[in-house]
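Each chain gets a letter, A, B, C, D and E, in the order it is written, and its residues are counted from 1.
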């Protein structure tokens, strides 16, 4: 596996094995994520992408073998948007349960504007459309200071323009010394190196 | 608007107007869906695609202006998969609440096989992955005898191969004299005519 | 494929609902356990003095049956709403009146019927005199069916709301009251030797009325909720 | 951006939870309405034994407080689990012990505190002698806090289950019983002129124990539930 | 967290060999089989001797006549039911702290057994109550706390069943049974107080001090027999659970093959 051997990896997994429902999803999966890398986990539906990401971020603690070492604050965005339907986008961001930062009002407004939600800052989130709802969650990417991002299908329900914008952001984050591990069923169009982790074959390439 | 004027349309909408949250989503939207047509509703997040589809299928009955006439049994697949997590895929299909048909076991098995779920027929659905969960719902397309399909983002969470398979199915349905009205953020790759309904501009083209 | 008859469809729905409940055995035994626990709470809160308990047994048992119905009826349509099944039910060509009856029937079988059958045990715990046991079971059988139907109305009206949990109780508790009054009066009557027939007849009449009207209200409520 | 202090974070969480409750005014008034309705149910169900009610007022009020706590504590973490907020809370760098206390604190403010403050009204409806009102409020203040903490344990352990609704009550009702016993004993004591101090002291001791230990169990339960 | 880690280190170093073995399912299966081989007959003999002695050879009570003989079932069942909860909670604690899978098996196996003994105590008590108190049920302090104990057991069983991920289920039940363990003394204390406050007259006709040796010895024997019975049930239940969990592993496969060839 490549990467700058001088620095220590942000995230390292050692011989991860997972069996679910009697099917072996992956075996002896070892890889290291260094600053400046963008990893895309690939695989068909049911290949084990979500399971892997949950193991990597520490939410799954039972039922798998191997070890994960994480040396950096991380930001995890999962399938569910973690957006409270009764709160407004502004409140959702400023009182976020993740408690990783205290953001000023202007920061929050500019993040919401970046995800195309200016004008929607103060309506309850349950009146937003499916894509807008997910965008509130994505706004956290513009606020986060964590170096390591673990994103599970961040493009789901997002329109084409939104996907382009997000890809630009991911590139910028990686170029600025961050790292991204993400899943997506779409091919990424970013102008930086993408490393693939193909779960279908169970190999890290 | 084109279409075979001799036959009556499967679905006709007349000057639909919808205002939500103080924003006018569409106005004077009139179009007719004939057998053999594939319509894709386009628009950015929050353009009103879901709202429009729910009006077309009759779930939304208040708060809009205009009229919808539907002359055909229809199949609606929405954002939510209508799959019971505690039941198995087989049970979900054979006891489906929509009550539109009585399917034999072989029909159900072949439908599940078509969506790539053979081997998963008898596990509870909550152990399926996000994409597999949605695929259980999509299997209804293979069982349905309704002529008119209203599909709200059917490709969400489905992998590339699944999307290809679905597009083949949609083409076949349209060619066999059915009609499809669908939303998607991906460009369709089908070898039949696609008609677009662009909600961003509020015009039917 | 062949189009299913309406009756066949309803039976399938009923089986589906029952199976969903059976898949989590805990769901079935839970109203019973809840019943048992609240029966145990009463002496704890009120003191164990035996002679007082017996006087209260009839009313207490009925109140607990009502509460345990109240707690579960909120959930009749909720999971179907959340996973989109309810939309599909409303779009179904089958008559909604009967589908709704199937849902309520399943709920009653899993709560009311079980409670009624198990109630003699709890009655003995509270020292209800033996001659009232038959009336207790009969009144619970009839009464809980009415409660399930009424509870369904509340559930249907609130299912579209983000957090309707306790709103349901607020909506349907007043409707429950007549049932409670006649039900506990029947048992109380049987304890003191008054024939319970008239009370039971009134409960049965209520049940007929509820079967005729409640599904209409529930169906209307569901159509409104899905659109909220 | 600046890293928030732990205390600041907890206060933000508390405000968030309170605001969520306030957004649906029905959520706040609901425990109260429930309380009022069950207070009304009791005379209806127990009918002829009405004159005995005063003697039972203390226990009855406590049982209702307990039930209305039970009904709401199931929901403390559920909506956060369903929309993914709970995952984010568990990944947060902030100490889970304190975040959990903020959730429980908000729950107690919306149910226990309100109930305790409103309880004299209901007590008068049930003819509780005036000299016991102070003890009633005090015992409810202390006791409902313990109940909220214990209820949180049940809620945390069952939040990941598909349909845990009534399982929670099974898990935590046994734990509620000591609180009920001391709480109602305190009020009953005050009615018959026995000083309630020792009972209240015991309730306070239970509260200290619960504050120290329950958040640990809740945190562990949440970590397990998120993984189920 | 820190304390737990230190405790785990100390114990692990000191008791590594034993822990290592307990952590191994085949070893546990074998050793439990060996224990059962002599424990089952001993239990049976104890039960028969105690029952025959208590039911036939000890004198009738001068006040209760022969109905008091239910005591030989009732009291041992009650005693063991209580002890069973602590076994379960202890196993749960070991599972949480040292992540020992076999403790999880023990806890899972203990819950239904404990519930059964509690139910037996309640049921025999109720049967006894009918002739003695004139009622099947009385809200006496002991009786009430026993009922609560039954609920605690049932809660553990139900919670375990409700989880799909059985590893998570084990941890959840461990937390629950630990919470229950803190609560059991409180429950007992509170119910005792409640009893002394509201119950004017004592109901129990016989107390420990007044019991005659001719009744006491068979009772003690029966208590010992019930402890042995509990152990047997626990071990049997654990073996079933072990086989179910490890059904995919090699050792169970070869075991099954051997058993089959034995049968044929």
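Throughout what follows, contacts are C-beta pairs under 8 Å (C-beta built on N, C-alpha and C of every residue); 3 or more make two chains touch, one makes a residue touch a chain.
Keep in mind that this is a model prediction, so the values were computed, not measured.
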Next on the checklist: Using the touch definition from the top, how many steps at minimum link chain A to chain B?
Outcome noted: 1
Checklist entry - Which chain's mean C-alpha position is the greatest distance from chain E's? => result B
Checklist entry - If every chain is reduced to the average of its C-alpha atoms, which one ends up farthest from chain D? => result B
Checklist outcome for this item: Of A-E and D-E, the pair joined by more C-beta contact pairs is D-E
Next on the checklist: Measuring centre to centre with CA averages, how many angstrom lie between chain D and chain E?
Outcome noted: 32
Next on the checklist: Could you work out how far the Cα centre of chain C sits from that of chain E, in whole Å?
Outcome noted: 36
Checklist entry - Taking each chain's centre as the mean of its CA atoms, how far is chain C from chain D in angstrom? => result 26
Checklist outcome for this item: So chain E residues touching two or more other chains come to 148, 151, 154, 158, 162, 164-165, 168, 171, 194
Checklist entry - If you look at chain C, which of its residues touch at least two other chains? => result 24, 26, 30, 33, 37, 40, 44, 47, 79, 162-163
Checklist outcome for this item: Among chain B residues, those touching two or more other chains are 79, 85-86, 124, 126-127
Next on the checklist: Going by the contact rule set out above, which residues of chain C touch chain D in the complex?
Outcome noted: 24, 26-27, 30-31, 33-34, 37-38, 40-42, 44-47, 52, 55-56, 59-60, 62-63, 66-67, 71-72, 75, 79, 161-163, 165-167, 169-170, 173-174, 177, 180-181, 184-185, 188
Checklist entry - Which part of chain A faces chain E closely enough to touch in the complex? => result 62-63
Next on the checklist: Quick check on the complex: what are the chain A residues that touch chain D?
Outcome noted: 57-62, 73-74, 76, 78-87, 91, 94-104, 107, 124, 143, 145
Checklist entry - Which positions of chain E touch chain A when the two form their complex? => result 165, 167-168, 171
Checklist entry - Which residues of chain C touch chain B in their complex? => result 1-4, 8-9, 12-13, 15-16, 19-20, 23-24, 79-80, 82-94, 99, 223, 226-227
